[in-house]
Every structure is written in C-alpha cells, then in structure tokens.
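Letters are used for the chains, namely A, B and C, taken in the order the chains are written, and counting of residues starts over at 1 for each.
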C-alpha cells in the first residue's frame, strides 16, 4: 500500500518507511445537468502542504485519469484560495468544506488510501464540482439582507454603535455565502428546475424563483436577517424581514439538527441567530395577533 | 391580501403553505401542551402502581370521575392534538433528509433520534390504545377495565415480548418529549445563546431521566403485580365489579 | 434603446459602487462578472480604509496631509488632482460605508475605531475586524442586490468580457461577453462601458491575488487600443504566507497592531524562535528606520526583507526565504479582537498558532499600481471636475476604467489601506461622468453602429472560440505555460530588477507566447469549459507581461516599487562635514536631474506587431512639488536640509508650476 505522508502516518506503521509519491483521488463527475454522474480516479504526485485546490490544479494540468485515459479536466469553482470568497465548497471525504482550506496532509491522516471529492448535493450540478448556488443569493433577497439607506449621498456618519453590538454583529457579517450550512442541513433539500423547451429565459427565471421561494431559506439567510434587524437603520424594516422569515420556507423549517454551526467554515454562531429569529418570530406573531 | 375562494388540492396546498409557520408552531406547542403534559400525567399515574394497586386504582378512579365527559376530554385534549402532532410530524419527517452518516454530530444524532422515536412512539401508542383503551374493543382489544385498573393492565403487559415493546415505546416517547422540550425552547426562542442551550439541555436531560424512571418504574410495578391480589383489592374498592364484568357492559 | 444603459465589467468594490451610484441616478446597469460579485477579489483586503477623521484632524491631520502621504508614498508618480479629490472624499466615503452597515470596530463610546497603517504617522485607518475589504464589499453587494430586486440592475455572473465593441468613429458602444456555463456569446450594447476588473496578479503565477485576477479584461481593452499606464509598477507586499497554490496575505495591520519583524542574528538558527533571546534577534526594520519602525512603506519593507534574506543570508529557513513576523508579545485577547480573522488564516493554512509562535512570512506580488490610462478634468481648486465626461475615461471614448485596473491614484507605490478608498471613490465618482458622456455619444451618433458592428464582433469571437476548440495536436499545456510565465515574471519583475534580466525575460515571454499558440485543449466540449477560458486568458496575459517588462526595462531609475540597484542613489558615505555637505548637494543635483528625466508615467500602446510602444507623459505635480523619499537613507537629515534650502530659494518658480495644465498621452 502506498503511503502519502512520511511523518504521521508512517510513524504509526513500522513497515512502510517508504515516503510516498502518489495520492489516490476519486472524483464524482457529471458532464452537464441531467446527465448521469460517474466516478473517475486520478493519481496526483504528493507534495508537502498541498490543499484540495492544488490537487485539482494538478488534475486539470494532467488531464489524464489514473487508468491512463485522456479526460477533460475536472471543472470546479474557486477564487480567493483563502476561505473568504466562498467559491470552492465541495464534499471532501463525504463532508462539505472549502477545498482551499482542506489540507491534504490532514485528509491523509483521516484516510491514507484515497481522497474522495464530490459536488455539493443540495444544489444542481452544472458540471463536475461546479454547482448552481443562485438559490442561496435569492434567499438573501427574500430576507432583504441590506440596510435600507435613503441613498449613497453624504448624510453624515452612520448611527453610533457600542463595541458590544459591533462584536455581536461582526461574526454574522463574515458569512461568505459558501453554502456549507445548507449542504449539511437535513431540512434543506435540493430544488432543481429544468428549463422547458417552450419557455423563454424570463419565464424560466420566474418559475425557478417561485420554486426557490417555497423552499427553506436556510441558516445563512436567517442569520443575515438577524444581522440586519440588529442594526439601528436595518431594523427599521425588521417587520418585513420577520414576515419573510415566517413565510413559507421560513424559520419553521429548521429541525434543530445544528449541523449548520458545526460545518460553518467561519464559525458563525448560526444556531444563536436561528434561536433569536425564533424569539423574534414568536414576539412578532403575538404582537400581530393583538395589534392588527 | 385577499384569498381566492379556490377549491381542490391546490387550495389546500396553498392553505398549508400560507400558514406553514402557524401550523409548525402549533405542532411544536402541541408536543408540550397537551400531548407532552398528558404523557407526564400518564407516566406518573402509572408509576403510582409502585405504591400498590390501591394507589393506582384511586388515581384511575379520579380520572374516570370525569365521566360522562371523559371521551370528550380525551378526544379534545389527547387524541386530536396527538393526531395533529403526528400528522404534521410525519410531513416534516417526509421533507427531511437525515444525514447522520456524513455528519455524526451530537445535535444531528438527536435530530435523527427525534424522528425515529416519534415514529416508534406513534406506532406504540396506536397499539397501546388498541390493546388497552375501550376504543380497541371493537377490534378485539381494549383489555383495560377502569374499575379493575391494576389487574387488567398487569395482565395485558405480563409477557416478556409485550413488556419489552412497552419499554421501547415508553422510552421512545420519553426521549421524544425530553429532546422536544429542548428544541422547543430553541424554536420559540426561549434559550438563544449556546451557553443557555447547554443549560437547557441539562434541564431536559433531568426531565428525561426522571420521566424514564417513572415510566420504567410503572412498567416494573405492573410486571411485579400479583394479579390475584390486585383483583381482590379492586373488588373491595368496587364491589359491583364482578356483576358489571359479567354483563359484558 | 431610449433608456440609457451602462455595462459594468467586474463586481468588486469599484464596480459595485459605480453600479450602485448609477442605479441610484436612474441608469440601468448590466453587471458582468467572472464570479458571483460577492466573491470578488476585494474580499481579500484585510486591513482597512484610509481617511482623515475628526480624531486625527485634532492631531494636525487634514485631507491635504492624506493627499501628501499618498503622493509621497507613491513617489510623486501620480497626477495630483485626482489624488487630492480622493483624499477629500475620504471622510464622506467612510461615513457612507458606515451608514450602509459596515461593522467597523468601535471605541468604547461607540465611534469608529482607527488604526495606524504604513506610510503615515496618523491613526487614519478605519477597519472592520481583519476583513475590512470583505465587509465593505458586502455592504455594496447588498445595496446592489436591493437595486437588482427593484429591476434597476441585471447581474450576469459567471460571464467573461471578451472585447469592447467600437463603432467606426472609435467610440465604445458596448461589449461582447461569454457565458462561462453555456459558452454562449452575447452582445451587450451600452451607452458606456466601465471596466472594473481588478488586478493582474496571475501574471506572476502565484501571488496574493485571487484566481480571477488574470488581467484578461484589461488586456482585451489594451489590445483593442486602450493605453496602459505605469505597467512596471507592481507592488510586492512585504508580508505573505508562502503556499503551494497561492501566497496568502498577512495584512499590514499585523504590524499596525504592533507586530515586529525580525530574524535571528545567527543564520538559520535552529532554536525555537521563542527561545532566542532578544539580544540575538535582529529587528532590522526598527534598527534601520527608527521613526517608522515596522511600519515603513511597503516597498521599503519588502526590499529590506528581501535584502536581509538574500544579501545577508539571514533567512529563517535555508530552503525557503522567510523572516519572522512576531505578535507573541501581545495579549491573546487583543490579538483575537483586532486581528482574529487574519490570524485564523495563518493558523488554518499553516497549522501553527501565530498568537504563540512567530509567523514566517515573505514578500509576494500584491497589487498593480499600473493599469489602463484614464483621463481627468482638473478643477480650478486643483481637484477633479465632478461629472466631467473625461474623468476615468480610457483612450477609447465611452470606455471607462476604475479601481485597481486604472493607473490613476497610487503612482509608483500604493499606501496600505488606500486601495479600498480608491476603488470606492472611483466607482462613485465615475457615475456622473459616464452619464454626462451620453450626450457626447449621441452627438457622435448615427444609428449605423449597432447592428453590424456587434454582429461582426460576435462573429469574430465565435470564430476565435471555435478555433481553440478545434485545435489538434498541439504539444503545449496551458497550465505548464502559465507556471513558466509566473516564474519568469517573478524572477525578473518584482523586488529587484536588472536590465539584463528584464531583456531576457522579455524575449522569454515572447517565446512563451509563440508556444502558447501551440496549446492544445484537453477539453473540447462546449459546456462549462474552463480549459478554453483559461487558455484564452493566458493568451491575454502575454501583452500585459510585455508592457510590464518593457516599462521596467526602459525606466532606468528607482522609484517606489520599481527598484534597480544600478540606479539606486546611495546615502552619504563621507565623514567630514564638508565632504558630507558636498555629497548632499550632489545627491540633490542628481535627484533633480532624475526627476526631470523620469517623473513621467510610462504609457504603453499596443503596436502593429503586437509589441508595446511606450511613450511618456508628464505628471501633474503642481500641487505638491516632488521631494526626495529619504526613508532610512544614511545622511537623510543633511540631504533634507540641503533640499529645503533649495526649495526655499525657488518658491516663485514652484508657484508658476502650479498653474500648469495636465498633459495628455504622449506629450512627454
């Protein structure tokens, strides 16, 4: 058996003192939406300090599978490579994470035999590891995740904010829209809308949007709603956000599995946001019951 | 916003969609009140058998003193809420995709167990009602006689397979209730911070352990009951029992 | 098209702020981006955004001083009016971002907290944790999303800009773009096109930049005739974490918050850095620059780190060049609060906790001061005329450039925390200019432009695309070629530049470009084909690489980030006062000669043979006369004294210079 890491792995295994050259990678590929997915094996030369991005870069450059066939390079999304743009979410060894911060040495300690890479399962596959996450951004529209300012002309500084409020808000504001929380959520299920032949792009967009709007918002959007409701100016439309958060696909869909917070690469206190949204929704519903 | 007076499955679907939040909140509430509350009362009542058939019988008598409105109370506060809780619960289960294999975190295990125990508890309750409640009589069950509470209940349970199924059913219901108590606190926003959630978790563990003890205690009490002895005591408390039983009511 | 419509290429800070302002002014915007705009490279900016504020104002700071620091930091290679305008907008921009909900760090009283950044003596930098760029970008992304919901903005994410479409008169009338998913082409007619496509770090293979920073959009504009200014000025960030796929930035704020840079005095001391006593540590920045200490401007920090490793052989490691950046003397609590985000990056990618172990860092390519040449109209007060259609317009009328992809604000070297400001400022400022250009566009009119011109351009792009897909039998692999290009550029055109190396690098790049024509694709399909997209953008890297190399080769001086040891001006070596005085005089003479010869922007235009043709443009330095940058030079005080005497003697002359008008391209 080939061993990839000389240090940790080999140290525990007396008879494999050979330093190792090859990482075995298995990738779940899919040529286009609606096509069958298939597994493909790749051998990648080992280097210290690699991450999954550099593994995929080597696969792309080589464009030859482990059995020696010339294959098109695996497609994947990435940009910043420092876990702040949110592009490169995928399943590595079965778990959702950012490919850039998935370090090969650590993965090989988990499983020295191979690394398994798959696309996210809760979003439609575009190609190979590229998925269509526009539903995630649609959720931000649903909860009006913005401060409703009058405009961008000079009106003086923003409201005074205490350090405590800032420290509360800041972590929520570091959400990179990667979708890990949605991928791991057992309550968040895939919505894939296929364009009909007789449908214009606009009709298709509208139909897809309507389908998205019935689905679960997800932890990220609920957390953003709480972020903006806590802001002095953002809170001026708190009711509108709570309306969105309590409409179909809203916070009630949460099943409290709390996977979101466990897989969030930015360690955002998502369950706290969800519970706060729950409280706000409770109070808002009661208020509405008696106020209207 | 005005609603269209449409009919058919689409309007039902749209009714549920429009009121999804309300329905889910009522679902959550119904798990505590009245269904959960009933579970607590029921298990504590059962546990009283540990203090002897008299003790149990007197509590059953107290409940049955509600006759003739008892059926109404049962339907309004127990059966219907339970059916509501169960049907929404099944819809929720059908809409989820448990993934505890990929994400074996404690919270996720509890999420999965909550659904599993809900289904087990519901199946158990159906069987339990058929077996003991008077509703089951038309279907060959309904063995429980309120005037002979301990003896009829004990007779029904005193076989190993039945006892094991009861233990599973009771523990499922207790887990479902105790864990549900914790998630209810999150759902309604009673505990919001991770620290508060941890504290609340301890509370739900204590509640769960206590209820499990009561439930298993009641079960053990039934299993160790001397049925003949119990019947003697019951006939002393309710002298007309024999005659009533022979009538077949 | 009765309703005016603007096409914005790129959704980073600059593109989003332009989009927001345009939408607010009632203009429909098509926003094209390689990635969902929330994932743009601006998210990587960590440290902060500069502006004068009420606190620094009371310590003697002013917009003028911010302007002066920027110009001085940039070694005077900027037209001064746009920089002055930007510095004046600074406070308003911070206020705006504050209103948009950016979670800036706060003082106990609830005001925005400020930190000090390199190249200034004031605490001028507002920051939001260690992710200021991300926070600013999100605030703008949110506003643009709001306009998108209202139907004023249409986003085209995962789309690639292929070429600007020019009419017969040479005016930009829109662009051809390609859907990176379906690979379909689409013509975008527009009343103006704004390029906000960011930097070109991928030219250097690995850099601190994101994988989308290929510079291809800018290159395509350049190849269509737009001029490119100051290409040779590439900022190398002093502190980055060396990595296999990317060099991750360690923000200047680590030094701003008190981080100290050092190496062991014993070369490659194998002891745990924490066990090395103070006396055996060389805090070389503090020793050489007592006034600024670890916060010297970036070019100087970079060169010193480079120097201590390569020339003095004091690199911490033998096989890999690096120095220590030490934060371990600061409390964990402070570090987590002020630098949490960036320290997590280090921990995440290196597996070491920088709160307890000094970090290992080395310089990396970080920012391009150069970019598309853009115009401006000088106002009477020495700023820019707001709403002038000339502002930020490239040499192609109707084609505008803002943000990192223009050359306007940072001269020869960018000050830390000024890029976020220049991006937002240019985005906001360009909007009214673009709107006033609509009238000109109509004036030049004739409806003839739309149909055929777009059809022809689309056809050209489709044909080009097909020719890539149908290539057979080429031997070259685009990814390996990219690696080679990166090596060439990193060796020749980063910290230290030598003419022989630059000449050779230029030839090597030309050869690489020839080999690129032999690239064969491993993916010939027509669905989400990243292979062909990469190959195309690789091809577009060569023209810009040549601009950088040729510009660097021709510029025989040291200025900002451009450093040629051959032309360095050493400090005073003499010991006797008279000798010293004479050397200082000679130094100043040489400085003046150099300024007269080289205080010019290099302007590259693509020649008929594909090679860049470089001309020089005088710099409008009428507001602040150029003065020597003397950070850490031996005898700096004396040189400064001599310099001041000369300036004093020449006051009337400089007043005259203040009335001079800005020059246009080629006028030098």
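Note that in this section a residue touches a chain if its C-beta (ideal position, glycine included) is under 8 Å from a C-beta of that chain, and two chains touch if they have at least 3 such contacts.
This one's a predicted model, so the numbers in the text were calculated from it and none came from an experiment.
> Which one of the chains is closest to the middle, using the mean of its C-alpha atoms?
Of all chains shown, the one whose C-alpha centre lies nearest the global C-alpha mean is A.
> Of every pair of chains, which is linked by the largest number of C-beta contacts?
The chain pair sharing the largest number of C-beta contacts is A-C.
> In whole angstrom, what separates the CA-based centres of subunit A and subunit B?
So the centre of subunit A lies 39 Å away from the centre of subunit B.
> What whole-Å value do you get for the distance between subunit A and subunit C if each is reduced to the mean of its CA atoms?
Taking the average C-alpha coordinate of subunit A and of subunit C, the gap between them is 30 Å.
> With chain centres taken as the means of their Cα atoms, state the distance from subunit B to subunit C in Å.
Distance between chain centres: 67 Å.
> Residues of subunit B that touch two or more other chains: which are they?
Within subunit B, no residue contacts more than one other chain.
> If you look only at subunit B, which of its residues touch subunit A in the complex?
17-18, 20-22, 24-25, 92, 95-99, 101-103, 105, 107-108, 110-112, 114, 183, 186-194, 197
> Mind listing the subunit A positions that touch subunit B in their complex?
94-95, 184, 186-187, 189, 214, 246-259, 262-263, 269, 271-272, 274-283, 285
> Considering only the defined contacts, which subunit A positions touch subunit C in the complex?
Touching subunit C from subunit A are residues 31-32, 47, 49-51, 53-54, 57, 60-61, 63, 70-73, 75-87, 100-101, 103, 126-128, 130, 133, 137, 140-141, 144-149, 151-152, 154-158, 160-163, 165-167, 169-170, 173-174, 176-177, 228, 231, 233-234.
> Give the list of subunit C residues in touch with subunit A in this complex.
17, 20-21, 24, 35-36, 38-41, 43-44, 92, 94-96, 98-101, 103-112, 128-129, 131, 134-135, 138-139, 142-143, 145-146, 148-149, 181, 210-212, 243-246, 248-249, 337, 341, 345, 348-349, 351, 428, 477, 479-480, 522-525, 527-531
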